[in-house]
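These are the structures, in structure tokens.
Two complexes come next, and they have one chain in common, subunit A, joined by subunit B in the first and subunit C in the second.
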Partner chain A sequence: MTTKPHRKQKELLISLLGIAPVILLTLAFKAYPLGSVIYKSMTNWDGLFRQDFIGLKNYLRLFRSEYFWKTLVNCFIILINVPIQIFVGLIVSMLLYEKTPGWRFFRSLYYLPQIVSSVIVGYLFAIFFSYSGPVNQILKSIGLERFAIEWLGSRTTAFGVVILALVWINIGWQGVLILGGLSSIDPSVFDAAKIDGTNFFQRTFYVMLPMIGRVIEYSFVYSVAWTFTGVFPFIYSITNGGPGYDTTTLDFLVYQKAFREDSALGEACALAVLLLIIVSLLTLIQRKISSRVNEWSD
Partner chain B sequence: MRTKKRLFIMVVLLLIVSVSLVAKGAQETDGPKPVKLTFWAGSAYYNSEEAKRPQNEWAITKIVQQFEAENPGITVEVIPIELSSETIAKFKAAAIAKNGPDVIELWTGSYIFPLKDVLLPLNDYIPADDLAKISGWDAVTYNFEPGGDILGYPCGNNYAGLVYNKALVKAAGMDWDKNPPKTTDEFKTALRKIKATGVVPFGFDGSKGRILHYATIYWWVEESGYERLVTNADGRTKYEDDKGFLNLLSFMRSLFEEGLTNVDAATSVDYEAKFSSGQYAVTVGGVNNAMAFEAALGAENFGFLPFPQMSANPKVTASIIGGAGNCVSIGNYTKHPEEAAKFVSYLASKSAFIELTKSVTTFPARTDVTLEELGWSDDPFRMKIYELSKNFAFWVDNSIPANQYDEMKRFFPNVLTGKLTPVEFARQMDKLVKDKE
Partner chain C sequence: MATTDRRPIATVLILLVFIILSISFLFPFFFMIVNAMKTTPEYYISTFSLPKTFNLSNFSTMISQFKIYINLWNSLVISAFSVLITTAMGVLAAYVFAKRPFKGSNVIYLALIFTMFMPMQVTLIPLYFLYSKLNLINTALAVIICFSTTSIPSTIMLLTAYFKSIPNEICESAVIDGCGFMGIVRNVIIPMGKAAIAVNATFVFLRTWNDFLTPLVLLTRRETQTVVVALSALVSRYSSDPPYQMAGLAIATIPAVIMYLFFQRYLVEGVNAGAFK
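Right after this comes the complex of A and B.
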């Protein structure tokens, strides 16, 4: 009678011991730094010994500042890159899936930007779009002098350059991801669509797209989170956040606050916590929306 | 069998313990322990050309070897760094963990003051001779207050002014060697003449911030004086009411508006390359980059122009900006403060500076080194700077809080291009000061 519960307890203990290293590592490398950042966001930490508890002052200062709201808006503007990169990735993956002539060569070519350092890509774009750079030279040589402008000198065009760089570097990743989703679809579905006389775009948008909803959802959620937390190297190398705060994003602002000579690390921590909350909220909203969409399409 | 095994283990343990005790005893009786210092050395101690060669060929390595030979038992490991905000962040992290370098090169003034808690005050370590013969002690004295903690040894004096292409200036009918523009009005007229020849008169560097760093800031100090900079920065006076600040911004804006600068003045990334290739007639330059300009243009075409006077009633009457922008400091966690102090004093010795000038471009922070000793007695550019450096305006970025200078660097291009008026920018600076309070 007592053997069964005893065995169960033993099994539970063994399984707990089995996952204990993972739990301990997670606590050490995730929970502790996170807790530490949250605590430090409520101090005036200068990177050295000054660490007085100041409550929510850092947060209030951020909410009262113009630049915080401006950088938040900037993040949302840069989000434009997400649908564009997914759309281009979709077209690329479909072309590869349909084995368009030269697909083997293009399969490697499209992925190439992904393996180049982000900072290098950023500097290349900065050089290309500098006033005396190749883009303006080409425009001038084909008689379009009036379009040869100072690309990085105004908010609109500087954002255009940043978004172009983000789309360009992500085409390969999006292509591979969606291609993976496509390979899980039975080829007979496409064959049947072809027999029915559908063209490339009809097959892409009416046949393929509804069948890879979950892949697109994942891509969307990941790309949105990445746009909030991963564009730092591009902003750093292309615009350095300028003109003024015109292209500064939240993750770039965290860096600027933290690594200034008189570093305001407490404020940088507060910004990082806000960034975490924003990204978590956005992810939740996206998951809710996409679950509904997938329910409807089911 | 078991007893034999136990006996064997006990004998081995006994042997280990006795060997360790003998070794420790020997260590304690063998005189002073060898001391190893680590030195994070930046641009004041090696240059980018040297960095292409093995480290044992660098001038600083030779200086360290001489120091080691003169001080048996002390060795120094030189770790080259690029002095930047990121390096300072690394230093802070290492200093908190008490495993940072014993000696580190840092920026002076407002850059070094926030690091006071991890730096060793050197007041009791500096020999009287060093205090007398080295210049720039005020730049490393906490909050510039006389008698305060001295946080480092000044080193690497850089000076800046305007540099120009003599051939392009001559083509516009002028000879600045004989008749240089003395006021900013004359300077502006001269730039107009250059523009008429089809050349970009004044090359601005939007991205690097050197125009702001050197020229703009010099003209501000000239009219407003350092006292005003300090009172603006701590909120006792306002940027908005600072005529020197507003005048210089209006002047720079007018140069851009009139087409006397490059079109991409706000974003340019290649002003040095364009000046070097003869596309710009004038730009800013210091001893750190003037050598490269001279090499590109040829000594006969390279000219140095002290800043023309902007103010009718200048509070600072210098003609170049510069001084001890860098220093070497000692971490207060070091286990060898005496030896580290001895080393930094050696780095600031006359012989060390003479050796260093063979590689780095900055001027020695000593008053007792002659041009002949440095081998510069037949170098017209260096001779000119040497003379002018007897009266210079100290770096403004080292004098005001970093967050305020950052804001200036960030928004100066917007003022230049007219997106922000000088008054709007001044109000923005005042708001920044108020928010910090």
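Right after this comes the complex of A and C.
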């Protein structure tokens, strides 16, 4: 006969066994590399034999370098995609909310780019905007030759193409997500506002937007964090970071330093740590927001 | 904003916007498939017309010369095993977090969820050197481990939330019927959580099929690469031959689209509920 405390211990042991695989995997392949990258960011590691502790020298070198600040600025430029995709996504979700015939079909269709690999979408955009590609052919055929330029050859237009690709791939996600927020509003709210004599724009700005505020906040923070860590495949396929460092982003620079240039691994680790710090700060903000959301819904 | 008293003209206008948007989403795919069937001169002369003949030679070169089916197979193996491992481990852990919480389990749960926000770039450098020490570079196993570790937090988050909605009474009566831990998982949790498990598996499959950075770094030999990585190398090498590039892009896209056709309803509902990206 097992006594009660004995049984309790046994149950706890079984619970621990249940989560053990997940914990072991995470410790070995997330926690260990995380510790390793932080340590190595403070060494002059070259991937082979050299690995001396040099304190914060890698960080200081990065802060003094021109390309670090340039890539950081590039990330902030690409952030322009976030308000654009939210704005377009909001409009799409409002139209879907009208539930016209076929809205489910259109909803699924707009989500389609999300299930295609980012790098493939990037290559498609690169082909479209190449010098002899379809975009320039259209421009030439309607008599706008002077706008048929080397789109990916200069910083401004290359960013334009990257941002367009980011917006295009994410509109469907934004639309579906915001539609979820809209659907949770009680429709009678809108009817009441209508009876009060409000017009469409008043209802949009004073009734609808405040009520889906938390969804928009969520999607905003998520998209900002994604812009810092998820643009790599787009940069890789559309501009390859060039010309020079003109369109290189932080996540691309980590790859570049670690796997394309030799012997800059310590510096690459320092960059990776800085990237983690930025994303963690954003996540903290997001957690603040979601705890506020919990307060509201209580 | 209300669906009851919309004028017909408004419906027509909305549908018009929908159709224009649809064209902008479908045209790139249409363009890709159509031009994959052209020869290079034909592409440059008549980019926007339909191909003169139904010519699949670009696709057949992909298959016969580049043996792209090897890469498709690699992708399938990597994604399938990532889904299996993630699901198996995720179901067990989520059941514990949802139905058998203990002192401190909440902290473990939050720590696991935190790893969701860790960009792959952060851990990839040490992992690359760890794998090369273990002779795992250019093996599917290396990528499967990475994908499983990365997919676990979102899986646990979704499944824990879903399993919490399973009534405790059902678990308790299973205990009275003599079910142990695995018995409850098999007879209660899996049958009742089927829908969430399936949606999550689909998401993990698509995410791993499409992922680029991890396999790009860990798989350097063409015969070990996933289809997306192998094609990216091919596409950048054949920049003067757009039809050939398009054929490659189409081959990598079609399996994901087929998958989407089957599961789109669940995926879209999942995003609607705010669960995924």
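Keep this in mind: the second predicted complex is superposed on the first by the 226 of 298 C-alpha atoms of A that agree within 3 Å, B and C clash if a C-alpha of one lies under 4 Å from a C-alpha of the other, contacts with A are read in each partner's own complex, and residues count from 1 in each chain.
What we mean here is this: a contact is a pair of C-beta atoms (placed from the backbone, for glycine too) under 8 Å apart; a residue touches a chain by one contact, two chains touch by 3 or more.
Computed from a predicted model, the values in this text were never measured in an experiment.
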Inset, instruction - Scan A:Phe259 for contacts with subunit B and subunit C and give back first, second, both or neither. - result: both
Legend entry - Contacts of A:Trp173 with subunit B and subunit C, given as first, second, both or neither: second
Inset, instruction - Would you sort A:Gly241 into first (subunit B), second (subunit C), both or neither based on which partner it touches? - result: first
Inset, instruction - For A:Glu98, decide between first (touching subunit B), second (touching subunit C), both and neither. - result: second
Legend entry - subunit B or subunit C, by number of subunit A residues touched: C
Inset, instruction - Based on the superposed arrangement, let me know which partner A:Tyr59 touches: subunit B (first), subunit C (second), both, or neither? - result: neither
Inset, instruction - Would you check which partner chain A:Asp191 touches, where first means subunit B only, second means subunit C only, and both and neither mean what they say? - result: second
Inset, instruction - Go through the superposed model and pick first if A:Tyr111 touches only subunit B, second if only subunit C, both, or neither. - result: second
Inset, instruction - Considering only touches as defined above, state whether A:Ile127 meets subunit B (first), subunit C (second), both or neither. - result: both
Legend entry - Intersection of subunit A interface sets (partners subunit B, subunit C): 47, 127, 130, 132, 258-259
Inset, instruction - Mind listing the subunit A positions that touch subunit C in their complex? - result: 11-12, 14-15, 17-19, 21-23, 25-26, 29-30, 32-34, 36-37, 40, 47, 92, 94-95, 97-103, 106-113, 115-121, 123-124, 127-128, 130, 132-134, 137, 168, 172-173, 176-177, 179-180, 183, 187, 190-191, 194, 200, 203-204, 208, 215, 218, 222, 225-226, 228-229, 232-233, 236-237, 251, 254-255, 258-259, 265, 268-269, 272-273, 275-276, 279-280, 283
Inset, instruction - Going by the contact rule at the top, pick out the subunit C residues touching subunit A in the complex. - result: 1-3, 6, 10-11, 14-15, 17-18, 21-22, 24-26, 28-29, 31-32, 44, 47-48, 89-90, 92-93, 95-97, 100, 102, 105, 108, 112, 114-115, 117-130, 145-146, 148-149, 152, 156, 180-181, 206, 209-213, 217, 228, 231-232, 235-236, 239, 242, 245-246, 249, 252-253, 256-257, 259-260, 264-265, 267-268, 271-274, 277
Inset, instruction - Would you tell me which residues of subunit A are touching subunit B in their complex? - result: 46-50, 61, 64-65, 126-127, 130-132, 150, 152-153, 240-245, 256, 258-264
Inset, instruction - Going by the contact rule at the top, pick out the subunit B residues touching subunit A in the complex. - result: 85-86, 88-89, 92-93, 95-96, 107, 110-111, 114-115, 117-118, 207, 262-264, 266-270, 401-403, 406, 410-411, 413-414, 417, 419-420, 435
